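Chain nomenclature is as follows: A, B, C and D, assigned in order of appearance, with residue numbering initiated at 1 for each chain independently.
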Amino acid sequence: MKKNDIRTFGIVGGDKRQLFLGKSISDSCCDVIMGGFDKLQSTGALTLADVKTAVLESDAVIFPLPSVRGDSSINTPFSDRTVILDKEEQSSLIHKPVFVAMKDKFLRAYPSLADARVFDYAARDEFAILNALPTAEGALECAIREYEGTISGSRCLITGFGRIGKILAKTLRALDAEVTVSARRQDDFAYISALGYKAENTSALKSVRGYDIVFNTVPALIFDRALLMNTDTNTFIIDLASLPGGVDFEAAHKFNIDAVRALSLPGKCAPKIAGQIIKTTVFTIIEEVYG
Amino acid sequence: MKKNDIRTFGIVGGDKRQLFLGKSISDSCCDVIMGGFDKLQSTGALTLADVKTAVLESDAVIFPLPSVRGDSSINTPFSDRTVILDKEEQSSLIHKPVFVAMKDKFLRAYPSLADARVFDYAARDEFAILNALPTAEGALECAIREYEGTISGSRCLITGFGRIGKILAKTLRALDAEVTVSARRQDDFAYISALGYKAENTSALKSVRGYDIVFNTVPALIFDRALLMNTDTNTFIIDLASLPGGVDFEAAHKFNIDAVRALSLPGKCAPKIAGQIIKTTVFTIIEEVYG
Amino acid sequence: MKKNDIRTFGIVGGDKRQLFLGKSISDSCCDVIMGGFDKLQSTGALTLADVKTAVLESDAVIFPLPSVRGDSSINTPFSDRTVILDKEEQSSLIHKPVFVAMKDKFLRAYPSLADARVFDYAARDEFAILNALPTAEGALECAIREYEGTISGSRCLITGFGRIGKILAKTLRALDAEVTVSARRQDDFAYISALGYKAENTSALKSVRGYDIVFNTVPALIFDRALLMNTDTNTFIIDLASLPGGVDFEAAHKFNIDAVRALSLPGKCAPKIAGQIIKTTVFTIIEEVYG
Amino acid sequence: MKKNDIRTFGIVGGDKRQLFLGKSISDSCCDVIMGGFDKLQSTGALTLADVKTAVLESDAVIFPLPSVRGDSSINTPFSDRTVILDKEEQSSLIHKPVFVAMKDKFLRAYPSLADARVFDYAARDEFAILNALPTAEGALECAIREYEGTISGSRCLITGFGRIGKILAKTLRALDAEVTVSARRQDDFAYISALGYKAENTSALKSVRGYDIVFNTVPALIFDRALLMNTDTNTFIIDLASLPGGVDFEAAHKFNIDAVRALSLPGKCAPKIAGQIIKTTVFTIIEEVYG
């Protein structure tokens, strides 16, 4: 199969992001058949069909983020039906590229596809990097909304200098916050300094004093009982780390520290960009594998 | 009276901003008596009292923004009572500095104070300039929340290059938006260019094409039926101009253009800073008049 | 005369800026005849002629910045000759728009033109504002070159919040300097704060401590003997104010404080932009008067 | 040996950077003996001595960048003598930490030190990252000085998204340039996009059109004859790549393209920071090895 053989994409399930994904593909190059959007009457130029048509009549199929639910059904928030791929659909998928998020879970639900060309777009590094931008903007939105001062002039601590930490630090600094980033590696400390932020050592974080807002990006229990006990009570904490997150919310509540969880921000704050990022990633995979 | 004679401030009515105002004064120099906050149990170190005490026992009194309602009562959202200043209170106010927002309306409600030292802090230029920062951040929050793409990379038009336009343009640019500002004066065009934005002439605005988000700051009906008819339908409009605003919302709805009104942003998004700005302005007046 | 009647511009005298001015006009709309550039062999598509041709054969004439020297000759650094406008040339100029810098001086040299349409483009507010950008970049260049640290992290004081102060503050902040601006007016203080800088009161400047680099933009002797005596010796001062400037250089030398004068930066650092700014200003005048 | 046993540092040879290094160490913690600075009369609080004293009387010795010349002599631009370490000095160095730049070359010159604790601070990743900041500022200085427009509004291409590319892109963007970065890897493309720059593929660079300034950071012959033949003639190229660099200067000259080499910028533009970076790196090594 060559990339030019892919003329029609099936998009099965998902939320607004998949609508923008469909629109973006449709605008640029290929036909798109949307399946699993029964609640919608129309979506502009996109063809709305049933799931079977979207799977059978397409050359490649894109599933949403996440792709399947706990009961093996496809994640279809725009449909009231429970969508489980039947034999015919599974057979059809074996012969075409299939793009999913969380491949392991998808294959546990549909083991017959174990030998199919199933690609996990959400596991790609560039997917996570591109999503760091809408995540950072979403975190900023949360901070403006919840924090009682302005971002300008606020003292912000970002724990972690990975993808989100890098983009978020730039965003906050651009709004004239005083930005401190905590990290663990010497090269990260050097970048933090060269980019004009202050640095702290995550490993040595025994207290959090003198910060107005803290953004946690580390997927580990950084803000445990002990650290929260040594955190200023007027500090506002936003936990951006994927579940189980990095904050002991119970302890935070007990110590009177405001803390909120902010997850899935790209889909919530910028579904259009989030959809385009899925498209970019899927097409990069196609270029690499079928180009 | 000399500025050092003002040892106790009465703060009568208002929302969270006045609480932060009280805290800020209390932290820096003077005693504070809060009146008209019956719904609150306690507010940290601040003395909660009734309105009479706050008026009579203080050396200067600060009323909220706005100060009075249509029925001449003081604007007291944190109290269920209707607070009307009685004779005794009015007599007391005649002999001390009184700080209000919208002095005309206040004096219409309390004509006995016509000869008192009543200062309108909200009418000061620096008050409006300082509030442009939380307004800009609030507008940004609204844009991140409502617009389906990211601010980074979005094409933004700001109509008007006054206080809010100046700060908002900087804010959006800092987040990597493409910023165009419309203005009318040659010196504004020059600043717009020197600051790296693109310029349009507000007077010549016959259509609005190629923008993702429009922020109106001009308090005049810029976006009337005719202009909206020539505006891209996927443009998102945020009207920041004080009432009656600058957008014909009915026409916008008819032409399928998303438009929202965003008012009183400092109080909503950053009550702490908004309170400190009232303090800064009041103290500047005191310095000028009693310094 | 209508603006469309101006088909050919004479550009008489000047440096590189006038070459870029000529190119910019020639690229956009009109013919250009350059006079007073004898040292040059060719300048791309521009017509090089003698001064007489440039004056007589054009519909409007632009003189350089400054336009005349002390001896009434035209400022022609690209010519070895002394160019004095003769009777014929003066008569010709009476009937066409003449654009000069420092009109008073020009008319003292050529009183016969007192009744001609002589416009001073350099006196326009937007001319000065537009030039603030190349001035700020030139000041930055000087600071990077001369100061022994990086701009990022340096503590900078800008005295004055006029055109140059506004743009320079933004430029330095963009490079992660800590920026303090001194001003005198309440509205300036408010803007300085809303834009995220620290503020000082120029009138109360008794000492300059804790700054690495100082940029003076105030055309008055701010840095006199008394203030320099109370300035850190490792402070580097760049005086951007037009002559006589704002620094007592003799005293600075005596107190071992590094201080330099940086003048005419647009012409030195960005002659292309400086030429385009002359064009923009001249065309704005034409639009206003003949449009 | 423990880190606290290092009480006196010998600093042997080098330029202004080593003076600031000495001052920085002396200010923070330890005694410093400077050797190989005969041309200087005094350097503030620093002890100037001969090389022998600096080597023998210290607990650790820091050599400059580069440490040795082609003739095995120490790089001592502030001395007229040729400094070759004698037997006694070499024996002394065997028993203490020795910090050099370009260890291989140093050990070829002094093979007797093969078993000594010789650390190459200039080979450390964080050393290069920290130096990217003064390098970027130096490149900016060069661009402002040499390019005839302003950086604001200029179209800049940076080839390479390594340490210098990352910091330089941020710096140019902060000054309102339009920034395009060329890279080769998908994760780099994703970061380039998330940070708001445009991307090009270095491998596919067949022509360079529509750029005002190009900064090459790739240490490979990117701008060869073929590419330069397809580069706009009014493009200004700054080659930041270490020798032999990335530009065929002869071909550039032939095609009338302005191109300059800009090397060793930290030492030239910001010797103070460059010295502090050496200190930071040396102390990080000490912490790791003797901490």
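By our rule, contacts are C-beta pairs under 8 Å (C-beta built on N, C-alpha and C of every residue); 3 or more make two chains touch, one makes a residue touch a chain.
Note that this is a predicted model, so its numbers are computed, not measured.
Peer 1: Would you indicate which option in A-D, A-C or A-B repeats the interface seen between C-D, with over half of the contact pairs matching by residue number?
Peer 2: When the contact pairs of C-D are compared with those in A-D, A-C or A-B, A-B matches.
Peer 1: Using the touch rule from the top, work out which pair, B-D or B-C, shares more C-beta pairs.
Peer 2: B-C
Peer 1: Could you state the distance in Å from the CA-based centre of chain B to that of chain C?
Peer 2: From the centre of chain B to the centre of chain C is 38 Å.
Peer 1: In whole angstrom, what separates the CA-based centres of chain B and chain D?
Peer 2: The separation of the two C-alpha centroids amounts to 50 Å.
Peer 1: What are the residue numbers in chain D that touch two or more other chains?
Peer 2: Residues 133, 152, 194-195.
Peer 1: If you connect every pair of chains that touch, what shape comes out? Choose line, ring, star, complete or other.
Peer 2: Topology of the interface graph: complete, with all chain pairs in contact.
Peer 1: Under the touch definition given earlier, write down the residues of chain A that touch chain B in their complex.
Peer 2: 16, 20, 133-134, 137-138, 140-141, 144-145, 147-152, 171, 174-175, 269-273
Peer 1: What residues on chain D touch chain B, complex-wise?
Peer 2: Residues 152-153, 173, 176, 194-196 of chain D touch chain B in their complex.
Peer 1: Going by the contact rule at the top, pick out the chain D residues touching chain A in the complex.
Peer 2: 124-127, 129-130, 132-133, 163, 166-167, 170, 186-187, 189-191, 193-195, 284
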